[in-house]
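Following this line, the structures themselves.
In what comes next, chain A is part of two complexes: it sits with chain B in the first one and with chain C in the second one.
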Partner chain A sequence: MAAPQRARPWLLLTHRQALGLMLLPYLLGLVGLIIIPALLALGLAFTQYDGLSLPRWTGWRNFTLLFADLRFWAALKNSLFFAGVAVPLRGLGALALALLLNPPRQGAGFYRAAIYLPTVIPDVAYALIWLWVFNPVYGPLNLLLINLGLPAPVWLVDPDLAKPALSLMSLFQIGEGFVIVLAGLQTIPREVLESAALDGSNRWQVVWHVILPLLTPWLALLTVRDLIMSLQNTFTPALIMTGGGPYYATLFLNHLAYEEAFDGFRFGQGAAILLLIVVISAALLGGLWVLIQRWGDQSDD
Partner chain B sequence: MTKNQAPSGLVHQYAPRRPKGRLAFHVFAGSVALVFLLPFVWMIYVSLQTPGVTLPRGFEGFSLPNAWHNYARIFEMLPLGRYLFNSFLVTGLAVPLTLITASWAGFALTQLSARWRRRLILVSVGALLAPLTALWLTHLVLFTWLGLINTYGALLAPALMGSNPLFVLLFYWAFRRIPVEIFESARLDGAGVWLTWRLIALPLVRPALLAIGVLTFLSYWSDFIHPLLYLKSQALYTLPLGLRQLQQLDQTQWPLLMAGAVVMTLPPVLLFLIVQHYFLQARWFSAIEH
Partner chain C sequence: MKSSRPLLIKLIVIQILLGGCQAAPTTQQPPPETVAPATPTSNVSFMIFGDPAELQAYQNLVKAYDAKFPGEKIELIHIPDQADYRQRLAADFAAGTPADVVLINYRRFSVLAEKGALEPLGPYLEKSPLIHAADFYPEAILAFQWGRRGLMCIPQNISSLVVYYNKDLFQAAGLAYPSADWTWDDFLATAQALTLDQDGDGHTDQHGLGVEPTLQRVAPFIWQNGGDVVRIERSVWTRELALDDPLALEAIRWFVALQLTHHVVPNAVDEEAENSESRFLNGRVAMYLNSRRGVPTYRTITAFDWDVAPLPRKRWRRSGVLHADGYCLPAVSAHKAAAWQFIEFANSVEGQTLVARSGRTVPSLKVVAESPAFLDPAAKPLNSRVFLDTLPHLRMLPRVTNWPDIEEIANDEIERAFYGQADVVEAIHAAVVRTEEYFP
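Our next item is the complex of A and B:
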């Protein structure tokens, strides 16, 4: 192994050192920008901290204050609603559209592009578009409903409808899940489908007994990612469209954490909410895991 | 290596072949596509309405709107040109930085010993579970210490680490499909890690490179919360903050708001339309194209 040694004249690095150097930016970022900040935030949950003076240890006080706060329970309910209703619907939509548009048919490429397009629209712009769509007086949605002779609700101003409205608009930004399912479908070997077809199974039987079980890991990936994203990361639409109202009907947990920390300068309180979000998402992911296992067992029979 | 996989679309078995079935497919898929395109069409339609005029409430008297001056108007109301430039600057720096650091890490992962690779992948997946909102809290404090508040350093810091552990993992999956022998023979020929990465690995994962580049572009271009938290002076604002300002200036000038939304949406949509063919092939992970 003398040859490779000579061929590295400009930088005397061993293979391992060079690899380490390549990994360094990522490792530094992983530790400095994610792991340590996440642990610090975890610690902040048990303190009182306004961002100016030093954090003061208060134990479980932030949590007892939260549990006495009606806004917290409203936000919890809203977040669980979104996780339980919007996330499964988004997954089903992505699955159905990918099954429909995976076969190479004329025009399929155009339809796929059309499905992905809303996902490309930046959050702020997307929120403004739907603010207009849901506008009770001028919005195209109510215009259509009125012309059809149907009742025209006030959507975002109605505490019962604001959340479903936000869920509805999220159903059109499913490009990422759509691509994940498409990628999963591409990994299914042709022979598997051919032999299923030879058995005389019809289309739905093929989908149900052959395609879906093979897609399980991809569907799990999609759902996990969507759960995490929707519980923990995205609240820009609600922030812009409703500000969490009416009557906290669209106040999500992460939005509440944001308000506590950055508007109210109660960083400890904000961190406590975030810690609870992590616990809740972990519980939901655990439940999902059990469901997938069960389903896998059933389809083996 | 892809012998046992159909190269594209393999579900002919349940695809209807009769002309009647084909028509049904186009009617159905076409209506779905239309629904997905409608918000986009509405945005452009409203952006060209004359502001202040009551919008038509029925479909009678429909005519194509042509108030192109709305676009000039919003650039006069706010320094949107400046914001647009800033957005391009941040995104233009973030995308190449991310692609380099994320592909470095993804490539190095394929070369590590199995034990270290497993550990690092586990940590990366774990990092994906950390709520971003929790990171904002401590990033704000960290960036204040480092004097990065009100600079693009605060926005670009994640790009130095590949922006998102997901991108690193995507690169890793793409590189993993390249037969190991190729790397080994390159190494025996005297190519170091850097040369192998640049000359052999990257060209073989072009679909993944493109897809991750687009995802990075979209995430930095649309980013609203980070600029909101870290940027204080208006001269540094990016487009999402500008759009928010426009909304706060006047909530009811729908044509102007929609014109702003169009300005913000056009660059990502154009980019997407250019690359969509590769992007939607869903073959990001296929390393070698035959």
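Our next item is the complex of A and C:
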């Protein structure tokens, strides 16, 4: 196998060099757009920097200021709430819909496309649509609830309901997770399912003992991705729909970082929050990793 | 496996189709930036905020400038929302690429002035053959002075908070229009008479009053009551808000009671459903507190007649709160001479007359403010003189460098009290404590 490769050198480069050359644009982008800015932000987190004069080293001061600010604790709590409630629900939703729509049946294609649709709507438009949906007086959701004789919650106005409302709207943007699980389901050989059925397993047992263990890597991928995203993509809906209110009930860490940096000219403080987001992401992923390992061990048994 | 490829293709097709459609919802929003067609090099960029009706005023100004100086081109950058505008400004200044001319409120320029990010305009004004400091209202000039750096920006306006009112609703309720010396009690009684549950379903359909629960809105009432926003000792602003002083607190309580006790202002749910300004535009809020800024938009109202009245007063004090924006020139601008030429034109009698005609400003040039461009009885509001009568009583909000932070936190707390989510004393105490760290 090696000989013909050597006989046809591509621009006289070795395979390794050619690979490196092809990767180069990506690596340049990665270094220039992600790694260097991230390192700069890491450094900025320990400075006082207003963007107008040079940064001044202040050590841990940004962090002590943050920890003394009630907005930070509210934002931390809200971000963890979203990660803890919306991510599992989104995962479950994607899984349930994929299980439902995996078998080829009448209209499955239409429903699959319909589930994916909300995912391709631009975030700003999506937030504006839901701002209308959640309108406490004129919104279709409350009009429906009232007509059904049900109580009409005041969604974004009630500090206790605003976060659940934002979580609820995020449940309709699970198209990508849905596609991932669907792809995962289609890698499961039909014979495995058929033999499980022959052994007398009911549908629920097949899902629990066969499909879920085989899907573990896919679900893990999905959850890891969603967990990271959940700390980032709360920004647009919160900024557009609630501005972080009522009284910080929907203020998330990313939004607070943005406000500190771009409204308060405190780029150091903003960078400190971003650093904390990275640390929190890492901790959450670590926790998730442990969970996945346990799940894997269990299913091996 | 079989169905996965058609699915993928379908999804891609949908994504492409929707990608094409995506423009539709976003273009229905006001465009984030309205940029004149780019022409090479010495373009002067000019960044403003405001509603479409306000934008029109500045487009007219730019058009007149282009006609007068055919070689020069002004590139108008329009950010609709004021909060977005501030963030855009911060990002632009931090990146070292602000527009050549930027409009900034007097409550927000100080951090830029302090850091040397703005070109002091005092020396330019002194040399100008076209505009002179003595022609401006001194209060407007004073608002943009920054210590020994002198005058930082040229004020375009000297506006203040007034009461916009729907004349038709007053007539329908058989009420006399507000008088020039109406009191807090008159104001409340009027608002109560105009708050109606028309269909008797227990839900208010028409509110007497609309007002944003912010420090800027409540400040004149605090001053009228003899209180202060920031504690002043030996004519120097000290390091804390004075909102918890008895006189200030009394005024805030009165302000909060308008919503919480008297229900003449929409509550949090009604405000979320449709904000007060929109309700005023639609004839369902009878009085609305705003500065002159609202006029270009309110002039589009055809369904009813409206006018302005002065703020009610507590006893004899007639305090009002200054609203003023200035044309500022960033120190890093590469086109300072051209930028100044535009600032000079915008604040000449000709330039200010153009913008004043749109209704956007209470001109800072005395001669324009006293001219038909501003006082024209054929253009609404009929009683524009209210703005000029208030001038001697105007007070400034503090211009400490972190004032925007202080105001934002105070607003969060005032809003909480206003909508009954916290006790007034608790919220105001929180505002005082939480803002301490932001004072210099």
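The criterion applied here is as follows: the second predicted complex is superposed on the first by the 279 of 301 C-alpha atoms of A that agree within 3 Å, B and C clash if a C-alpha of one lies under 4 Å from a C-alpha of the other, contacts with A are read in each partner's own complex, and residues count from 1 in each chain.
One rule holds in what follows: a residue touches a chain if its C-beta (ideal position, glycine included) is under 8 Å from a C-beta of that chain, and two chains touch if they have at least 3 such contacts.
All of these numbers come straight from a predicted model, not from anything done at the bench.
Visitor: Name the contact category of A:F265: first (chain B only), second (chain C only), both, or neither.
Guide: Touch partner of A:F265: chain C, not chain B.
Visitor: Return first, second, both or neither, reflecting whether A:P246 touches chain B, chain C, both chains, or no partner chain.
Guide: Only chain C; A:P246 stays clear of chain B.
Visitor: Which one hits more chain A residues, chain B or chain C?
Guide: The partner that reaches more residues of chain A in the superposed model: B.
Visitor: A:R112 in the overlay: touching chain B, chain C, both, or neither? Say first, second, both or neither.
Guide: So A:R112 meets both chain B and chain C here.
Visitor: With the two complexes superposed on chain A, say which partner A:P122 touches: chain B (first), chain C (second), both, or neither.
Guide: both
Visitor: Kindly classify A:T236 by the partners it touches after superposition: chain B alone (first), chain C alone (second), both, or neither?
Guide: After superposition on chain A, A:T236 lies in contact with chain B alone.
Visitor: Touching A:P159 in the superposition: chain B (first), chain C (second), both, neither?
Guide: second
Visitor: A:L70 in the overlay: touching chain B, chain C, both, or neither? Say first, second, both or neither.
Guide: So A:L70 only meets chain C here.
Visitor: Answer with first, second, both or neither: which of chain B and chain C does A:V133 touch in the superposed model?
Guide: After superposing on A, A:V133 lies in contact with chain B but is clear of chain C.
Visitor: After the superposition on A, what does A:L182 contact: first (chain B), second (chain C), both or neither?
Guide: After superposing on A, A:L182 lies in contact with both chain B and chain C.
Visitor: Across the two complexes, find the residues of chain A that touch chain B and also touch chain C.
Guide: Shared contact residues on chain A: 51, 104, 108-109, 112-113, 116-117, 120-122, 124-125, 128, 135, 138, 179, 182-183, 186-187, 258, 261-262, 267.
Visitor: Which positions of chain A touch chain C when the two form their complex?
Guide: Per the stated touch rule, the residues are 50-53, 65, 68, 70, 104, 108-109, 112-113, 116-117, 120-122, 124-125, 128, 135-138, 154, 156-157, 159, 179, 182-183, 186-187, 245-248, 258, 261-265, 267.
Visitor: Write out the stretch or stretches of chain A touching chain B in their complex.
Guide: Spelled out, the residues of chain A in touch with chain B are 3-4, 6-8, 13, 15, 18-20, 22-23, 25-30, 33-38, 40-42, 44, 51, 97, 99-105, 107-118, 120-126, 128-130, 132-133, 135, 138, 140, 143, 147, 172, 179, 182-183, 185-191, 193-194, 196-197, 203, 206-207, 211, 225, 228, 231-233, 236, 240, 254, 257-258, 261-262, 267, 270-271, 274-275, 277-278, 281-282.
Visitor: State the interface residues of chain B toward chain A in the complex, per the touch definition above.
Guide: 4-6, 8-15, 22, 25-26, 28-30, 32-40, 42-43, 46, 55, 57-59, 101-102, 104-105, 107-109, 111-112, 120, 123-124, 127-142, 157-158, 160-162, 165, 168, 187-188, 190-194, 197, 218, 221-222, 224-225, 229, 239-240, 243-244, 247, 254, 257-258, 260-262, 264-265, 268-269, 272-273, 276-277, 279-280, 282-285
Visitor: If you look only at chain C, which of its residues touch chain A in the complex?
Guide: 1-4, 6-7, 10-11, 14-15, 18-19, 22, 25-26, 29, 83, 86-87, 90-91, 93-95, 111-112, 115-117, 268-270, 272-274, 402, 404-405, 408, 412, 415-416, 419, 421-422, 434, 437
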